[in-house]
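Heads up, the next two complexes both have subunit A, just with different partners, subunit B and then subunit C.
Entry: the complex of A and B
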């Protein structure tokens, strides 16, 4: 079999993608463009007061209306787009890395170490997302409240235990192979076994996990924003925009529904892409292992 | 060809059979225009390397194609009926009473949740062989007795996992026989079994053929087995039969270069190497030329071979070969010369590099079972500098366990180990890095021992980084060098293990051991997962290692022929205890320990055309546990009497530095061995019988 050219391989890859993946990718692309170019697309400054008549509904000048402080909501949404995406991605990434490290370590060590880690992980998993997140924000103290870094860490904290459990079960499967035994025989350190032998073999599982978790992360960010524990106002974070305008919902529904629809379309798009990608990876894994 | 197609009185006629598989690159022809026939009461053997399409042929003979496969052409006639045209229901009725099938892996073929009786009864009732459950049971009883299982009443109530591998395979054969088929298809029925068990199954099959006049199609990669069993042989290569003929003719006068290579690749227990024409290269299905598919590996190939397709043409006396130049190839020197004339250096004065004293090894979970016999009790063994010490024995004899204890994977219960005269803590975590570097371990299965997601360069660089903290440039140099040592090209460094063949992977695994510059290399059954021709390559590699380096090698194998070729000393293990140890020449000559002789006789060998006699069947382990004397007394053909049961036998030393653990003196053992060789194996059996009677 001759080696396929790069273009031919890409064409083959394209053929294997489903429609939901293609549509999702298109929507996601729009979101990413907005995240990058949002500030230039917006016709008003996100925090500029007096950009229109307060509490006015949807119009061509103000698609999502104007809020109580007479700020243009659409401009705020455009300006806040990158926040939710960056927070979701970095939060998930940190959570995944830490979780995978804990899970693989736990799987490799076995015995009482494994037992201890697993019970701790279970304790964390048993607390609902919101409660655990609020506890973490409270524990961090008032001076760090509202900082983006805190939000990243909170998401990481919520995700890490769940990822750890997944990584452990994937790791247990790998550990039975002789190459792990060979590494142990060489007297390699725990972390180099995990890094060189285990991690490369669970990477496809981790990628799928990353995609699934990223899809849910915007909802988390927005939830904390809505509850007022997220990013400090007046930063135009979507959850806090929805929260700010919930009082005028009856006067101007679009002030809540607009940002809400943006959030929903982002989550749906990421989910569609996620599912498509994990199917692709799943196929690849199957072919490779045969 | 026409002659082959019109075989009077044939049971199975396969004509121009083709099987296609749907792969990632489109359909692939796995079986191509295969034609043969099997006469009544005849055993036809099909032999070939893995991937040659032999299993697909056997499935097609059942009217079945594996998922993804399709029988795309030709016909299969069973007693004149075309199998491929039958409706599924009729086919179902034919499989069983017409054609019986014995699968490769009996452990997977028996349903784990059904007692043996249920599995046999189901077949008998479904095919209407028996009218009632009681009748079916009596038939099952009869069949189990027929396949040589002594107490069917007890066995029938057991579950498959309560039987040994050999017993399971016998049950599978009984399941195939219960419908009294005219033809039995066997797909590598002894591949997963021990040599001694394999010998029993072969004896059983040849007995069945003689008694019932049954026809068989026997598919295997092991020519040695077929030498004892088959009347005629078909040699398959890349989906085609390249040579077909009477077994005796094929072994003495192989015509096709591939057949000659296949025979030449087999090591022999007699130490005679047929290695004049060992196979080179590998079957690469993706790179087959339009002409003769063997031509890329054939050393007699001419330019037009790769272009002109080959067909089977008659050679002589019922033999066909698919090589147009068979007349021009010089006659094969198959009965080859003895190459294994290595000078024996008895290094008795050399201090052993590694010593094992009174070592008892057991697995942790067994500690609770009080009084149970450990896997390896009180082993004392020395490994000399630069020698190859072979550990042989059946599976379960503790060979691997010993190697695992030496490298630290298993912690011994008691006893001492010494490296260069110094004791050390046996636990892996407590060993020094230096010691870990000195003892390297090569695993049995290279598919599992190489990280599939790491390039070869990474795999080989890990020991360098762990032991020597080497720099990148130095590592790259060493990797190139070590790839060269195992005769692989240096561009292999940038490949992944999945892109390598089984033999190449095993070379990498060996290279990984060598790159650490150890003084001891533990090789745990490193050949058993490989094809015959690939095995030959690895054997050559090991032999050159033995010549060039001073590494002491502990070579664990159940294959006595390989052991004879590669090792300096041999230690024979039975249930964790040494029964015989000495220089390789002495071990393979009389006097033998009774167990060594059994092992030797069980080895299928193309030089030894006679069939091995029925061996003593293994005694139940629980009974063997209660023995206080000789470990082997329950299976011994030369048992003296009660003294064997109650007194631990002493070590008997012979002239050739050979030590045998037996109550009989070496002289006595030598006479007994001579008797066996003179009177053939019947003497062995009658010896067994008389010794049993005398108890």
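Entry: the complex of A and C
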């Protein structure tokens, strides 16, 4: 067979994808563009009061309406887009790396270390997401309220145990292989074995896990923002925007539905892309497993 | 030995609960930082902080405090709430009751919804309707609980003003009042649970419908309907129960947000308020109870799987 050019191979790949992957990828692209260029695209400053008649509904000048403090909601949403995406990505990344490290370490060590870590991980996993998040926010103290770093750490704390569990079971499969034994016989240190032998073999599972967890992370960030434990107003984080506008939804439902639709579309898009890509590479994926 | 397996699972759950209690206590009381400042704020007077420290026994060593708290938990004495000085058990009981009623209503809606949709998907598997429903459930699973609650709020309070915007209930609420207060939150909870339950159940049902004994029954000439009801459904009972028990545990987390949105005076609202107002004993008590319910429902799911499925009894 003649050598295919890179574009030809990409074109073939595109043809193999299903509709849901294409739509998801398109929506995700829009979200990423908005996250990068949003602040320039917004017609009004997100904190600018007096940009329109308060509580007015959707109009061409104000697609999502104007809130109680007469700020343009669409501009706020555009400016908040990068917050959600950056927090989700970083939180999931930290959670994944810490969780994978713990899981692989536990699998490799075995014995009572494994048992102890397993028990601790199990305890964390058995606390429901929101409950653990509330506990973490509480434990961080009142001075940390509203800081983005807190959100990143909370998401990492929520995800790390579940990833650790998964990484451990993936690691247990691998440690029986001969190359691990060979590395140990060579005298490699523990972390060297984990990094060079175990990690590369679970990386595909971890990437899929990363994608699945990243999909749900915006929901977590927004939920905490909505409850008032996450990013605080006036920072235009989507969850807190929805919470602020909740009081006026009777008069202007689009003030709540607009940001809500943006949030939902982001999560749906990431889910679609994850499902499509995993089907493409042949891996089974469970959307939003808990 | 099935008894030993069951005992093993129970002991495991107990160990997990103890580990959780250590985590909760550590996160609330043992992190670096002055507990009294965290509760009262940095600018509180020194006398107020001192009074709080005495009340919370903060001068005793941490391990002693932990054991005291644990003993209290086991005997039912959850301590006194900081803001109202009432015994916490008295505060939690009605809230927990309300949440149980809400959960019951949510379950009552969730079961037929999940069974029917998953059944339809399994029956017409891989067809257009299956794909369509899969897309709908995926979109549903992608909507956070608070957003779903608000969507329903908008739909049934703004677009079709049939239901109240706030679901407040107390001892004076009539039965009809309860129904209208429960309607929206229960439906939202049911939908949030079903989108996961349907995905899980669909796989299980398809596996059953593709198994040999169903094929044999169909080849024998039995009608698809009869095969579905008499042969497939009883086997679907086990995964359904399993999925439901797992979802029950999830309910505890989901209920927090839904109750906050609909202002339903339940356990979830209590927990959120406790964290907002930094009410130490209440936070510890509510988080422990929530985790205990989650562990208990997972244990029930595990035990049911062992009891109902003889193949699992041989695993250690």
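Operating definition for what follows: the second predicted complex is superposed on the first by the 275 of 290 C-alpha atoms of A that agree within 3 Å, B and C clash if a C-alpha of one lies under 4 Å from a C-alpha of the other, contacts with A are read in each partner's own complex, and residues count from 1 in each chain.
Following the convention adopted for this analysis, contacts are C-beta pairs under 8 Å (C-beta built on N, C-alpha and C of every residue); 3 or more make two chains touch, one makes a residue touch a chain.
Bear in mind the structure is a predicted one, so any value in this text is a computation, not a measurement.
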item: Clash or fit (per the criteria above) of subunit B with subunit C on subunit A; value: fit
item: Of subunit B and subunit C, the chain that contacts the larger number of subunit A residues; value: C
item: Subunit B versus subunit C as contact partner of A:186, first or second or both or neither; value: first
item: First (subunit B), second (subunit C), both or neither touched by A:201; value: first
item: A:124 touches, of subunit B and subunit C: first, second, both or neither?; value: second
item: Which of subunit B and subunit C A:178 touches, first, second, both or neither; value: first
item: Shortest CA-CA distance between subunit B and subunit C [superposed frame, angstrom]; value: 14
item: Touching both subunit C and subunit B, counted on subunit A across the two superposed complexes; value: 287-288
item: Contacting residues of subunit B [partner subunit A, same complex]; value: 24-25, 286, 407-409, 428, 431, 433, 436, 441, 443, 445, 448-454, 458, 462-463, 466-467, 498, 512, 516
item: Of subunit A, residues touching subunit B in the complex; value: 1, 177-179, 181-188, 192, 196-197, 200-201, 203, 287-288
item: Interface residues, subunit C side, partner subunit A - complex; value: 15-16, 19-20, 22-24, 27-28, 31, 33, 38, 41-42, 135, 138-139, 141-147, 150-151, 153-154, 157-159, 165, 196, 199, 249-250, 252-254, 256-257, 260-261, 271-272, 275-276, 278, 283, 287, 290-291, 294-295, 298
item: Residues of subunit A touching subunit C in the complex; value: 20, 119-120, 122-124, 126-131, 134-139, 141-143, 215, 219, 222-223, 226-229, 239, 242, 246, 249-250, 253, 256-257, 260, 263-264, 267-268, 271-272, 275, 287-288, 290
